[in-house]
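Presented below are the structures under discussion, each in the form of structure tokens.
Each of the next two complexes has chain A plus one other chain: chain B in the first, chain C in the second.
Presenting the complex of A and B:
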């Protein structure tokens, strides 16, 4: 198992840095996701860790040893590509054997290791198939097996689920996560899908424009986003504005106490997740701000509402469909004070 | 087009393409003294004459030797050029393609004359096969290039990257991953190179040394003064030889295209 340390890593193609001095420490056996929109530098970072791209500056250390000048083939990585990149002229078995042959592993050991890894990805009995004879999900598992069978120092995955359909994608998320836990390998996972990053990772690195916006556990990222960009990229969010006065922000939802140093009179942005808001019928007489239902979207397990507050602000609310409200109905909205998260003052 | 009509149409086209070859093959078994069709009686007489004709046999050996060398050299250079063209040429892509195909666009006789000037001005002369081989490589190169670059287009660079991540060095990546996957193009290109080199007249004629002769030149030379069925026997043998090369490479090396 390997600890990976990235220090002030920079990549510049000549038109300004694509990756701008990023530093991350990845613990042994940790599953880290690089999350961000396309062009944020996450794939470039992965390629630098793999060795496919040279770093312009900075260091990449595997267990303290700088590998920046080690070529890909000597770096001892396992990589899963977006389109799997299985060798089409080789059977599953030959695909899996390739990396071991490069390491001059004895023949009988190759056989036992392939049997073991095929069992691990639940593809025993498929060793004589060619990649084209496998479904997308099976190809994906062969690609994983091929990367893992060489027992690399780290596992790198480049949007491996992007080509699968939605249902399979969810199955593979769980599959990859379980497999990674069992093997205990340090893993870097690149994705632009926040749900993928959240469900699979120990920690998520959110990147924008070549810089790290936030590093944290999935709940840190979701509940305590570092800034507006992160809050908006990771899930849906309502931005509630209000003036600070005496450590309290007065909003359409009522007064919200804030910790942190904000000057009185400053206008503050607060993040409020749609599912943190409660909807109550006007008749309940509970405390809450009055609002009008603009529209609702039913999706089975949840209902999404668009509401207009008294002041004209629109908020999105997500609830369980126990009580349904009709379009145009007046309701009360309420959110506990601790579900508001300050994102900073309005620029 | 209705089906029976289409079948007849295809048969006519095939007949049109193959009839001259059939005529030559049949005429080669002529028992008479002159190249006529239909033949006057059947015999292997002219084959025996041909096999005992040292001049023709030497010409065939020369042709085979040149074609073999040309195929190897053209195959290597053409494959490397195609690899560069597809993966690394970038902005130069169009320029590289036009440059590689240029020998096809120029009249062969112009290429031959300029090569003749060239080999003499660099002091190579036509005493050895070097000038001849250069000429043959030049005109066969586009065929290797076209075939290999066509099969390179369906080659996913990620395969090489995957092999690299698994620990394969540059040479292993080429030998175990890329070459097997572009093999149909390489073999196809090499076959073209061999057959064209075996067949080419103008360039060989200009660049041959004194007393040296390839099969097409020898045949032409022969037909200027003789009109016996021996010429048909020579042609038939050359047809069989080329077909043998195609069939054997198909069987031994395999032209099966990998489906992805």
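Presenting the complex of A and C:
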């Protein structure tokens, strides 16, 4: 097991840094995701960890040893590519044996390790197939097995689920996560899919424009986003504005207490997740702000509403479909004060 | 499933123009050559009445002709081999190198085809002749005493053929390499293969379809080349194609010339089939 430490890592292709002095410490056996929109530098970072790109500046340490000048083939990494990159002219067995042959592993050990890893990815009996004879999900698992069979120091995955259909993608999320836990390998996972990053990772690194916007557990990222960009990138969010006065922000939902760091009179942005809002019928007489249903979208387990508050502000609300409200209906909205998260003052 | 007649007709109509063209201008003349090769030699006419196996008998009984087929095959093999050795790095560079030089490189690769074959061959005689630029320069610098035998031999023919046929090797290999996903090489590197090993184990075998196509093209073209061998080989070195034309036009022996032409085609085809068998790719299918 290996601890990976990235220190002030920078990559500049000559048109300004693609990765700008980022630092992360990845613990032994940790599953960490690099999450961000395309062009945020997450893939470049992964390529630098793998050794496919040279770092312009900074250090990458595997267990304290700087590997920046170590070529790819000497870094002892396992990598899974977006398009799987299975060797089309080799059978599954030959694909899996490749990395072991490079390590001069004895023949009979190669055989036993391949059998073991095929069992692990539930592909026993497929060793004589060529990649083109496998489905997308099976190819994905072979790619995973090929990266793991060499027992690398770290596992790197570059959007490995992007080419799979939605159902298979969810299955593979669980599969990869379980496998990673069982093997206990330090893993870096690149994705632009926030649901993937949230469900699989111990910690998520959110990147924008070559910089790290936030590092934290999935719940940190979702419930306590560092800024507006992170809040909007990870899931849906309502941005509620209000003036600070006496350590309280007054909003359409009522007064929300905030910590003392915000001066009186400042206009604050608060994040409010759609599922944190409760919808109640007017007749309930409960406390809440009056709102009108603009539209609703039913998706089976959940209903998404668009509501207009009295002041004209629009909020998105997600509820269970136990009680349904019709378009145009007047309702009461309520959100507990602790579900608001301050994102900072309005610039 | 039964295919409605109209649907079956559609593809046939589409290939009809090409099929008719091939049939009238290739298959029929070819059949005519086959028939001609069995005709009696004529006295003052291209061929005489009746049929015989004598033309083939003459070919096999005279070692001169067999030797010429062997020489022609050798020239074909060497030309193909040299084209492969010289062409592969160029093809790789064009497929994977920096895009800045790609257009220029592409133009340079095609440039031999832009010059007429006769002019190009004369160009080589200017360079390779005993009084040619190369020999004069080397003599002038005092590096050699007499002219090197660069022309009127197989060496000269091979040099000129390699020049002409290089594009036919480079282009299929280039397109094969372009079709290889670069992430395969990256995957090999990540698994511990050096750049050289990843080329040997991944890129090279995957470019085999291009190598196969290029080799067959160059080999077949070399066997049937006429202008270049006749201008550069002169009277001393004759390839089969030159001998066939001699028989047909100079000595007016149409039946024997046809038999020679067919023997060349058959031996060439045999080697192409053997080569195809040797380089069969199980993973493609």
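We adopt the following convention: the second predicted complex is superposed on the first by the 346 of 347 C-alpha atoms of A that agree within 3 Å, B and C clash if a C-alpha of one lies under 4 Å from a C-alpha of the other, contacts with A are read in each partner's own complex, and residues count from 1 in each chain.
In the analysis below, a contact is a pair of C-beta atoms (placed from the backbone, for glycine too) under 8 Å apart; a residue touches a chain by one contact, two chains touch by 3 or more.
Remember, it's a predicted structure, so these values are computed and weren't measured experimentally.
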| item | value |
| --- | --- |
| Side-by-side fit of chain B and chain C on chain A, or clash | clash |
| Partner chain in contact with A:50 - chain B first, chain C second, else both or neither | both |
| Touching partner for A:103 - first (chain B), second (chain C), both, neither | both |
| Overlap of the chain B and chain C footprints on chain A, listed as residue numbers | 50, 52, 72-74, 76-79, 81, 83, 85-89, 98-99, 102-103, 132, 146-147, 150 |
| Chain C-touching residues of chain A, taken from the complex the two chains share | 50-52, 71-74, 76-79, 81-83, 85-90, 98-99, 102-103, 130, 132, 146-147, 150, 156 |
| In the complex with chain B, residue positions of chain A that touch it | 50, 52, 72-74, 76-79, 81, 83, 85-89, 98-99, 102-103, 131-132, 146-147, 150 |
| Contacting residues of chain B [partner chain A, same complex] | 156, 158-159, 161-169, 172, 176-177, 180-181, 258-260 |
| Touching residues (chain side chain C, partner chain A) in the complex | 181, 183-184, 186-194, 197, 201-202, 205-206, 281, 283 |
